[in-house]
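Heads up, the next two complexes both have subunit A, just with different partners, subunit B and then subunit C.
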Partner chain A sequence: MRIMLIDDSKTMRNIQKSVLKQLGYTEIEEACDGQDALSKVGAFQPELCLVDWNMPNMDGLSFVKAFRQQNKTTPLIMVTTEAEKSRVIEAIKAGVNNYVVKPFTPDLLSERITETLAKCGVKA
Partner chain B sequence: MDAGLIAPFVSSIQHVFSTMFQLPVDVGQPAIKEGSKCTHDVSGIIGMSGEFTGTVVLSMPADTATSIVALFTGEPADVDSADFADAVGEIINMVCGNAKAAFQRKNVSISCPSVVVGKGHRVNSQSDIPCVLIPCNTDCGEVVLEVAIRPVAVESAAA
Partner chain C sequence: MASGAHDLDAHLQLRTDDRSLTGTLRVGPKVPAEHIDSEVFCVFLESRGVNRRKIDEEAMRAFVEEVRAGPGAEHAAIVVRGTEPRDGAKRNLDWSPQIARDIERINARKEALAEENEKGKKRPASDDEEPTNFYEQSAFIIVDAGQVLATVSPPDPGEDGEDIFGNTVPAKKSPAPAEIDPETIELTNDNKLIALARGRLVYSGVDRRIERTLRIAGDVGFETGNIDFPGPVEIEGGVRDRFVVRARGMITVRKLVEASTIESRRDIVLERGAACREAGRLIAGHTLRAGYLESADAECGQDCIVRHEITNCRVNARGMVKIPTGAIRGGTVVASRGIEASVLGSVQEPRTELLVGALGELEELIRQARTHIVETRSIIDPLVTRQKMLNSAKPGKLTAEQIESQMALDFEISEGHRRITALEEAIARLENNLRESISPVLKAGQCIHVGVVLWLPGCKATFRNELKGESTIKLDRRNKPVVDHRGETHPLSKFASVESDPRILSLPPLPGSQEADAADGQGMAA
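Up next is the complex of A and B:
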């Protein structure tokens, strides 16, 4: 499965990558902000994206809105420090399928990934 | 400064450190900071805007920061490396992000983090905002959270 990690923090991408590898996913593309991600989705064709919210150039919410204009089905998980209910609702309205608040444990992130793929009917 | 503004940062640093690094945090007595010199050599800095304005700094001695970053990333990083700055930035990002969630129904935004490394560096915040030092003891050494924020009138925040 092709998974795209979109986060301006390399540290956070590495932590998420290690969780994904433990789950058996190795086909991973990285992007450092929304703009970078939009420039890569065409060629990479992700089947799941993990998106941070606060990033320079283009934030995660803007990415989700732009991505959903062209792709309605690929599951998107917001992984962010934005923990307010209003933010979660805003993200879901924009097209996010699930939400993980940082800090998270590897187990929690694994659960949310598995849950999201099942909910969206994507074969893991 | 209202003690209610400090409590979310205390809870947040304990939550972030225990979840991400399995590192318990023993919080000491907060005090008002005098001057602009940072307490330690490594500072992770975040600006807050909206219905609260100001800055929050996570100040750590280089040795302590190196140990915490190693727990976070799983490998040692030199204090002058981009990876070190990235990790420190992400730590203060998580601490502020979680703290601001406690300000429910308030429209508050946080900036992307900045990291400064160097002996005796200064971070100047708005002169009309008192800065509260929150000393935190960990098994990796002492870290200090420097919180200088204040509420903004809703009309001004919307402008």
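Up next is the complex of A and C:
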């Protein structure tokens, strides 16, 4: 399964990549902000995206809105420190399918990924 | 006419050669004059089955004139001729360009060597002076299975002949270019000679074959050049200084190996031995057997078995070093699975180093893994301290940066622990492999002299007293060196200065033996 990690922090991407590898996902593409991600989705064709909220150039919410204009189905999980209920609702309205609040444990991230894929009917 | 022919039986006779290609008519002295006639003679010949077409009319006329001119005498002449068959032309063999070049090179080498011998030079004095490198240029052609060796001109069927009676005389087919061994060389339908085996091509004389075993009647030296052979090599003589013999099969040398290199992927057998003057190398993929080894550098994938003596050698055997009735004097002998010798060291006390239970490559891997663990701990320990400090500080609401940096810290620590766990598991597996691959035991049949230094895993023993009689030195359950001597077990320190030494990696005692030790300890305490 092709998974795209969109986060400006390389360490955070490494953490998420490590969890994904432990879950058996090896086809992983990285992007450092929303713009970088939009330039890569055409070629990579992700089947799942993990998106940070606060990023330079184009933040996660803007990416979700832009991405959803061209792709309605690919599951998106917002991985962020923004834990306020209003922010969560805003993100869901923009088109994210699930939400993980930092700090997360590997188990929680794994649980959210499995849950999201099942909900969206994507085979892991 | 037929009856006339019968009348002439007493006077005429037909003789043929063994293939009936010529017919000689013999006329007796009393032949009636009226019968001396070509037609009469032809009728006679036809009555003997001669094909009329084969009668040489010119010769017949001359013969009749000869008989008429010499009445009362016996006459004979060839008057009938068959047609000679034309046998198939001999097939020519053209060596492939590569083989042709090799043959040319070998011939040039032979000539150069003959010239050198004439000049009385036994070996090249310098590279400038000697254009032919007698070491590098082999005197043999080595071929691979499937290699095209030569092309042969197509077979010529020839033309059949006809004898004087009109019978066919078959032509002989083209003979083969030489005797070809069908076991090792195939002559294909498209007239190519293909090697069926890998080995030495025998190409001179009438014989063409491939020898799977390279047999050298004399020494490996300037006559042969270095040897690099894909199968077994048998050398009836010795191996001269600076020459190299490499083989994928077993190498057997009947006479002395001098300061040369012998390398086999399988066994090496030196029936007499090797005197390498600290310049030769012996590398056996499996076992090395020798009459004796002197000043040699030997590596063995398995055992090193010597009949008489190992003197001043550097031997490294992954199996045992066995010299049950001989001695090891001087040098350094390393054996993963132990050493067995009658005498170790000598009264002259040359330093004789023995390492038993050593297996360098595995030990190195374990050492590296242990170092990695130490390094990883040195990285994560400060991180753990920092993590504890952050946790105990209990600040209020964390910023996004603080949360991410805390996650990064947790991640680094968990990655470090994961790496340590993986390394510990790898070390455990390597230690098990090492345990199965070594046997740190030294057996001496007669004597261990002063001057012998013995390394066992984790310790070093320098013999300060001579140890006479049969003895076996090994490690006890606590990894302490002990000696079985005259029916009793003593600490090795009774005969030698023992100190701990990391040259051979010490393995931790197995869990079972620790329990046994604990039980021993309790027993002792009680």
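Annotations
Everything that follows uses one rule, which is that the second predicted complex is superposed on the first by the 124 of 124 C-alpha atoms of A that agree within 3 Å, B and C clash if a C-alpha of one lies under 4 Å from a C-alpha of the other, contacts with A are read in each partner's own complex, and residues count from 1 in each chain.
Keep in mind that, in the parts below, a contact is a pair of C-beta atoms (placed from the backbone, for glycine too) under 8 Å apart; a residue touches a chain by one contact, two chains touch by 3 or more.
Just so you know, these numbers come straight off a predicted model, no measurement behind them.
By the touch criterion defined above, A:Lys85 lies against subunit B but remains apart from subunit C after alignment on the C-alpha atoms of chain A. Once chain A of one complex is fitted onto chain A of the other, the partner contacts of A:Lys102 extend to both subunit B and subunit C. In the superposed model, A:Gly24 makes contact with neither subunit B nor subunit C. Contacts of A:Ser9 after superposition: both subunit B and subunit C are touched.
Note on subunit A: of its two partners subunit C and subunit B, the one contacting more of its residues is B.
Of the two partner chains placed by the overlay, subunit B and subunit C both lie in contact with A:Asn54. Overlaid on A, the two complexes show subunit B and subunit C touching the same residues of subunit A, namely 9, 11-12, 14-15, 18, 54, 80-82, 102-104. By the touch rule above, subunit C contacts subunit A in their complex via residues 399-400, 403-404, 406-408, 410-411, 415. Partner subunit B is touched in their complex by these residues of subunit A: 8-12, 14-15, 18, 54-56, 80-86, 101-105. Interface residues of subunit B facing subunit A in the complex, by the touch rule stated above, are 15-16, 19-20, 72-74, 82-83, 86-87, 89-90, 93-94, 96-98, 100-101, 104-105, 110, 112.
Residue ranges on subunit A touching subunit C, taken from their complex, read 9, 11-12, 14-15, 18, 54, 80-82, 102-104.
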